[in-house]
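Lettered A, B, C and D in written order, each chain numbered from 1.
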Amino acid sequence: MGIAVIYGSSRKNGNSEQLAKRLTNGFDADPIFLADYRIEPIQDYRHSEKEPYPEDDYRSVIERVLAQDVLVFTTPIYWYGASGLTKTFIDRWSQSLREDRDRFLAKLSSKSAWVIGIGDDEPHLKGLPLVQQFQYIFEYTGTRFEGYILGKANRPGDILEDQAALAAVEQIRSQWRGASVNG
Amino acid sequence: MGIAVIYGSSRKNGNSEQLAKRLTNGFDADPIFLADYRIEPIQDYRHSEKEPYPEDDYRSVIERVLAQDVLVFTTPIYWYGASGLTKTFIDRWSQSLREDRDRFLAKLSSKSAWVIGIGDDEPHLKGLPLVQQFQYIFEYTGTRFEGYILGKANRPGDILEDQAALAAVEQIRSQWRGASVNG
Amino acid sequence: MGIAVIYGSSRKNGNSEQLAKRLTNGFDADPIFLADYRIEPIQDYRHSEKEPYPEDDYRSVIERVLAQDVLVFTTPIYWYGASGLTKTFIDRWSQSLREDRDRFLAKLSSKSAWVIGIGDDEPHLKGLPLVQQFQYIFEYTGTRFEGYILGKANRPGDILEDQAALAAVEQIRSQWRGASVNG
Amino acid sequence: MGIAVIYGSSRKNGNSEQLAKRLTNGFDADPIFLADYRIEPIQDYRHSEKEPYPEDDYRSVIERVLAQDVLVFTTPIYWYGASGLTKTFIDRWSQSLREDRDRFLAKLSSKSAWVIGIGDDEPHLKGLPLVQQFQYIFEYTGTRFEGYILGKANRPGDILEDQAALAAVEQIRSQWRGASVNG
């Protein structure tokens, strides 16, 4: 079981990253820090002559995502949603749909996904629109939305005090260990 | 009454733009096409020495927004949320909060806001997480969230066939005309 | 085209009723006032010997609903959801699923539905969980969820001042007139 | 710390009850089975001469609720919402608002609340409108909404296999034990 961890924070070693590392520690995981790559906003070519898409890092990043079995979207909750880095990356999926729809959906529909969102302002409630947005995204791609962790943190390291988030991490790790043995 | 129309589409003359133009036609509106400007993702400096923010177009764009009385966020629904351009712009509000929190919130809390989201896949239902996200955003900034239009369109011009969206546009225009006379 | 209007208010001539009457005036509509009938809470017999269901008015009411083509759920927003009368009625659908699942779903899946929810506390935002709940209900039954009106009112008659709600009513009536001619 | 557990199921020993008992075992809890009482639908007297409210069990039940420090709403997820029994009980809070608004809100605003919802059809996603409805309810009453557990179960006892729900239970119990010692 290989895991693509898609980090949407602009800074390193933030709370969302710390929780995702605790979640994936010891598993076969490819950490993808979106902030390390140049990924332009989607160009909407649906109704025009198809022009070339940006020659940036999108294609190499999405291939790393598609190569794994499990997706863990890991984002700070900025303004009650996924970070702009995360959203801009997902918007580019429309490019993949145009370039090779069948392969793209076939790959995504065989994966399972988790979402980690860490925020400071009542994340277990005000993070729910973020969860519902991912719900529709995964429904469209046919990806199995296994679950989510909405954790509370502000200062670096706070997340390691969020006992509910830590319990959720342990529960997922147990589930993954079972999958590794049985799967 | 001045209106800032914040366009989040990557292309010109799309459905969301067409509806917003119909909404604001004849009113004093400043059209702001985010795609025309360079706005970098937010740098999260909350817990570090404050480093310089990107010298891009953010500050001039946000000042144009703050100069108006009414905000109309106009975005295609990409992947069940606001476009990456829109989200990246809003993420940068965290910079304004750091640079001049009191002025920023004082200005936003005196405004009213509308959201237009146009999509193809059951927007009146699957666009609701987008609405709820803006609900929390405006709750935080103290902006009065007047309403939203979730319109259905795919091909260019489709939106002008969405009778419910057009009726909503006319109703808001009537409200604005009353405000201009009375306000 | 026949319309079942399912009224969930405990009082007559309230705002939700006034709006629904304006919506359905001149169409072939069966007004069903849940408050006029005795409908007990569901008994959960899923995992027990099936005992008799209450001999109350549920079966006759649901048959009137199933006899029409279009459903209009009309409820005041009580505590940010459909009224207890409305919810208790829908809970009893589990009885219909047990008694004659195939017929029940076949009938509901051929219908279209609208929801009217009228409230006083920011209904266009705080009424959204109610809409989302109906979204899942109709997804389960295969009913086409055409749309909803979230209107604002407190004192009797207020709803007739809600211009957005009235515009939505007119738009649906136009749609229905087209359907009657073409359908 | 006293806990009012408000059970909204129509049957005894169901999954939601089993989880709530595991949660509250060993704590000072008053189990309130709504199905054991006669609680009529709310009469909406807001705009009429106040007539007598039903002489049923509502007043005695709500007093037991108000007497405790912590509320645990425990309901099966019926049709993607709280059970009709639960909703009908909450609707009656409007009676308490009319009869003694200040005392009612003063009491509720000093409490903290948890919600347990158990369902079979993707409860961690399709139970979210239920959570959001309680979010608005508690926002109105000033009650601190501590958290929720959305568990998955169908047949009796299934819930004891839901490892995520069990982990959440243990985490809340730890939190309560800390509160009992420190509080």
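Observations, loosely collected:
One rule holds in what follows: contacts are C-beta pairs under 8 Å (C-beta built on N, C-alpha and C of every residue); 3 or more make two chains touch, one makes a residue touch a chain.
Because the structure is predicted, anything quoted here is derived from the model rather than measured.
Under the contact definition, chain B and chain C share no contacting chain.
For the two copies, chain A and chain C, the CA superposition rotation is 180 degrees, given to the nearest 5. Mostly identical positions are employed by chain C and chain D in their mutual contact, as over half of the interface residue numbers are shared between these two copies. Distance between chain centres (mean CA atoms), chain B to chain D: 38 Å.
One finds 25 Å separating the Cα centroids of chain C and chain D. Here the CA centre of chain A is 33 Å from the CA centre of chain D. Each of residues 128, 132 in chain B touches at least two other chains.
A complete list of chain pairs in contact reads A-B, A-D, B-C, C-D. Of all residues in chain C, those touching chain D in their complex are 9-11, 14, 35, 41-44, 46-48, 76, 78-85, 87-91, 93-94, 121, 126, 128-130, 132-133, 136-137, 140, 154-156. Residues of chain C that touch chain B in their complex: 124-125, 128, 131-132, 135, 145, 147-148, 163-164, 167-168, 170-171, 174-175.
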